[in-house]
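Pasting the structures here.
Here come two complexes built around chain A, the first alongside chain B, the second alongside chain C.
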Partner chain A sequence: MEIVALQILNSLFYAAVLFLIAAGLSLIFGVMGIVNMAHGMFYALGAYVAAWSVGVAGSALAPAALFIFLPLAAVAVGVIGLAIESTLIRPFYRRPEEYQLLVTFGLLLVLEDVIRLVWGGTPLTASALVDSLGLVQIGGLPYPVYNILMIGVGVIAAAGIWAFVYRTKFGVLLRATAQDRRMAAALGIDVGRIYVLAFGLGCFMAGLAGAIVVPTQAAVLGMGVEVLVIAFVVVVIGGLGSLEGALVGALIVSALRTITIQFWEEIELAALYLIAAIVLLIRPTGLFGRKT
Partner chain B sequence: MSRRAAALVAGVVIVLALVPVVLGTYQTQLLTYGLTLAIAALGFNLLLGYTGLLSFGHSAFLGTGAYTVALMMRYLGVSSLELFILGGVVSSAALAALLGVVCVRHTRIFFAILTLALSQVLWTLAYKFFWITGGTDGLRVPFSQLTLLGGLINFPGADAFARFITYYYYYVLVLFCVCTALMWLIVNSPFGKTLQAIRDNETRARFLGVRIWRYRWLAFLVSGIFTGLAGILWVPLNGLVTPDVLYWPQSGKIVFFAVLGGFRNFAGPIVGAVIFNYLEVYAVAVTQYWQITLGVILIVLVTFLPAGIVGTAERLRARLKKKRAEQFS
Partner chain C sequence: MDKEKLEERRGFLKQFGATLGAAGLGAAGVGSAHAQAKPKGNIPDRPVKVGHITFLTGPAELLGGPGQRGHILAQEEINAQGGLLGKRKIETIFADEAAGTDANVKELRRMKLSENIGLFTGVISSGNTPALGPVAEELKLLTLFNDGCTDFLFDKAVPNPKYTFRVTNIQSADGITAAIGAATHWPKARRVASIQPDYSYGRNVFEHFVLALGKLLPGTEVVSESWPKLFSTDFTPHITKILAAKPDVLVVGLWGGDYVAFYKQALRYGLFDKMKVATTLAFGGSPQAIGKDHPDGVLAGVHANYHFLYPSAERWPINKSFVERYHKRWKEYPSFEADGAYVALYLYKQAVEKANQLLGGWPEDEAIIAMLEGAGINSPAGYLYIRADNHQGYKDAVTGLSKRLPGYDFPVWDPASIVSIPIRSITAPPNWPKPGQGHNESTAAADWIKKTWPAARSA
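Right, the complex of A and B next:
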């Protein structure tokens, strides 16, 4: 029974991470109509920046103070996203989808090597953060407090993004642009500004996911490539462009993953991809998607 | 085909046939890689260039061809390349027929993601079922165990590598010419013209009574078989197949071939695949940061030269011609 409780916590932690990545991907697609193949790299960047800054400042600061680097890393990734949108992505809005996919695929290749160039091939860790919070006993079994805390962060992030998109003026502009770019522009909305901010926000969320993950598992090369397809699975199940979909998709995918790992480890990923394909077939717009 | 184009093709074939005589084993080997990849690009471009469907899952066919060879060698003890081709074509055709039923119901971005997701199912299977596929260690396909032309030619002994490359080069060259001619016939046939009509205006094609779904499915099938054949021919050359060949960045590379050469052009993907192969080999040799090189090239290409190398060259030629015509008039 305790095992089940721990597995549920593991699943929720993973869901929080997946939600942040997939919601960013979905936001960028929903607003700008671009499928960002490089999105996983922003997750990887978040992990590397967080692990690197924790490593550099680790000896100088108290462990509790190191937590500040997690949101800082996410902000840094968001800023990188702003710069990339305004230079690389912007010329592609009027071009066919193939080119949009390809330019972000090129970006993926570049960012993968930028990470290798800056941090080298050795994995980076930030496990000091997990150690500093210690363990809690759940039904007699130890469980890291860090993971529970980060599930909370995931919940807060989800609530924050929901409030941002549905309860602020900027959110109204964002949704208007997503629904009809030309009409929004005709009504005087600065669409270019909305685009760059949406892209930056999406990258910030992916970066935050990476920063949250890195204390529990090392940042390695290839993590961005690996996570991208899983993020696709999440948004396909939930519906491309839908935040609620990203949340439900993340919960479904992480639960499925936990269950398959427990019972039949070999089919874990294959099962996920198959489910995504089936959802695309039956409901191409996903569980929460809108017609495009 | 005009007389001039025919002369150009004949010239290219003659030059290609002379490569092992003039250049060394290493250069021949590189070009053999390039030609096998060109077959994959030909197949891929039937979908992207002529049907308007961007597949991000063609690694599935490359990998199916390659793994069929490796599995046949390991578990059935087969050594004849002709049998490998037979087996590999059957398996990649079966896969393409199956995936096609699923994938061609969608277009645009959904098609791309669907092909991506399904190809990754195969990747995880190759990766996780290591007791069959060898996992990340892969399966070896040594050239010394290969026989060509129904057992007439084999490569025993330690110094057989150069001989293998020469024979294999001609083998691949012949198949490459056959595939190119076949694809040329396909895209210029009524079937190919119908695909282009669907690409340009699906609604009108439907009004004309074209069964869009069936045409797209057939294009997907042919495309998968060509790319599967490329995988079959690639694996003895490489000597090893690992799950990397099924991983989705490999599909990205196939897309790269087409864009590099220009996918609105019959010869574009062929040129793109051969050049990409050189680019990759030399970039890897020169720097460990070869991905950044390729990434920057890709971004520059799609930003400034969306017509690709062949497309841009053709445009330049047309402009020159026009200028000359103006001068003389």
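Right, the complex of A and C next:
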């Protein structure tokens, strides 16, 4: 039964990554009301920046020191998010939703090409990080310690985000703005600033997801688009705008994926969309979504 | 490899006429530069417009990029000599195959009707050639597909091609080549696991590999099948499943970024220590894409087409010169897509020159087609032959075991392990019934193998 233990761990690792992406997406929507079609691209940027910086510094630093580039990449992506929000997204707050969708979709296309121009078509990797931590034997089968560490990171991130949103003053401001923007503004909250920071935070989380995942895979062109589709399924199931929903949705999607791969892979995609359809029928706003 | 095993392997391959090791070479002609005959008649000096659609973005860019670079290299070389017949330079219009099949069809029409291209090349995806082939026939547009190797193109979509040709080996040869490579190097393998991208290519590789291996080795059985979505990035659940099934050999049809992610993840789980791995496209993208952590001893397929180390430089100067010029121009080594795109233009040039010698002036498409059917050309990969009945290109299939050698920043082939198979041993002969003409196998090759290959005798 070691295989069950391993598959559970595989599932948790994938869920951790999905949670970070989906939580970022939900945060941006919850606070700003914007569906960020380009969200997957920040995940890709996080992966590329992390892999590139590890590659550049690889020979100069010890592997343990290379880990610093993961959060650094996430911060870099967060900063890029701040810059993009103030220039591209802000002008569209008052416009109808279709404009916002178009702008973020256009941003997706532009960022895809920017990545290709800057880093080219060859996959970038950062395997040194995974190698440095070695393997642990689980019932006779090897499993990378790195993955277990990153599951831990996912748990800490979930706890951290929850604490940030529900236990800090800024979190109160965030939730107030999300609930009722006009009232928040009337009470003197600088809504514009909240928006910028929420967007930056959402991008940071997506970038962190990309940075975490890249040592186990590779940064390839198209990864942003691939992940966006799954992220949307997660938020549909969990409810757009809800952090608990992102967590539960990520766990469900990841578990479903692992189970179908183990037993009947061909229905993997169909099963995923089927669950999403069922959730939409029973609870249209998602399992934890708010009725707006 | 010790001497005894080596002789066993060579004996095994004799049934295909195949050779082991870099010393082998296809039988037909060594490259000879024909003295350039002077073009006859009046040749206009308008440039020839060529259309080329390939993957310029997205994960398949790893294959499309080298294809584009091979094409440009050939174009520049031909233009440096004044162009086709010394007078007509080639101008290429590129478009991105990643736009999708519908968009590609529209773009092909636009290229022909608005831009008036005289030749169409490129196309990597097997989803696109069966869609574009019929359109090219309808538009009466001379077409040399560089890839999109699916058997379906000439089995069903364009069964009587006039304007459509394809220069790279047919898809069914890929799985069969991997099976022969696996049976040669690991003759004791019996339990087979598979991980394939879940689309037509993956299905084709799985079917032909299992079919061929079943005939080559006695008592093989499939113990595990995995079908990840194309362009997946996380293969860890599949790897766990495969490890639990304890196979002897794993056949892998993943390519490009998928394969990079797969082998890195598989390394962590120690998969390469627990089973042999036979791939069809591990070295199919740009050679530099695979890192130095890639294990040795993996059957690293090149779509049964071309690896820059074979034929070796001493035996086949055409390859040596091609690799040098490509490396000088692009600072990288060529992949099979680069070779295919490069050869396509030279094949066209050769056909144009022959037709011109016979008829004078700039040849009509009919004349060029007549010169392409049955054409042979010495390409960097070896001798390439275009069969007249189905317009499909045939050249010897190759595969080899990966090895990290000094002098390269990326893994290459162990020269002693290279298996070269005469293509007629692994493809259905002309006039073999196509699917729907008396049988319902997925390809003519599958039917041919089932009906004509003898089953392996238990050792």
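Here is the rule we go by: the second predicted complex is superposed on the first by the 292 of 292 C-alpha atoms of A that agree within 3 Å, B and C clash if a C-alpha of one lies under 4 Å from a C-alpha of the other, contacts with A are read in each partner's own complex, and residues count from 1 in each chain.
By definition in this document, a contact is a pair of C-beta atoms (placed from the backbone, for glycine too) under 8 Å apart; a residue touches a chain by one contact, two chains touch by 3 or more.
Keep in mind it's a predicted model, so treat the numbers as computed, not measured.
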item	value
Superposition on chain A - do chain B and chain C clash or fit	clash
First (chain B), second (chain C), both or neither touched by A:A218	second
Which of chain B and chain C A:E266 touches, first, second, both or neither	both
Touching partner for A:T122 - first (chain B), second (chain C), both, neither	second
Which superposed partner A:G106 touches (first chain B, second chain C, both, neither)	first
Among 183-191, 237-245, 255-263 or 291-299 on chain B, the segment whose C-alpha atoms clash with chain C after superposition	237-245
Chain B/chain C common contact set on chain A	112-113, 116, 265-266, 268-269
Of all residues in chain C, those that touch chain A in their complex	57-59, 61-62, 65, 198, 225-229, 231-234, 236-238, 240-241, 243-244, 256-257, 260-261, 264-265, 267-270, 286, 288-289, 291, 293
Residues on chain A engaged by chain B in the complex (per definition of touch)	35, 37, 88, 91-92, 95, 97-99, 101-103, 105-114, 116-117, 225, 229, 232-233, 236, 240, 265-270, 273-274, 276-277, 280-281, 284
Chain C partner contacts - residues on chain A that touch it in the complex	3, 6-7, 10-11, 13-14, 112-113, 116, 121-123, 125, 127, 130-131, 135, 141-144, 146-147, 213, 216-218, 220-223, 226-227, 257-258, 261-262, 265-266, 268-269
Chain B - residues contacting chain A, complex	48, 54, 56, 102, 105-106, 108-110, 112-114, 116-118, 120-121, 124-125, 128-129, 248-249, 252, 255-256, 259, 288-292, 294-299, 302-303, 306
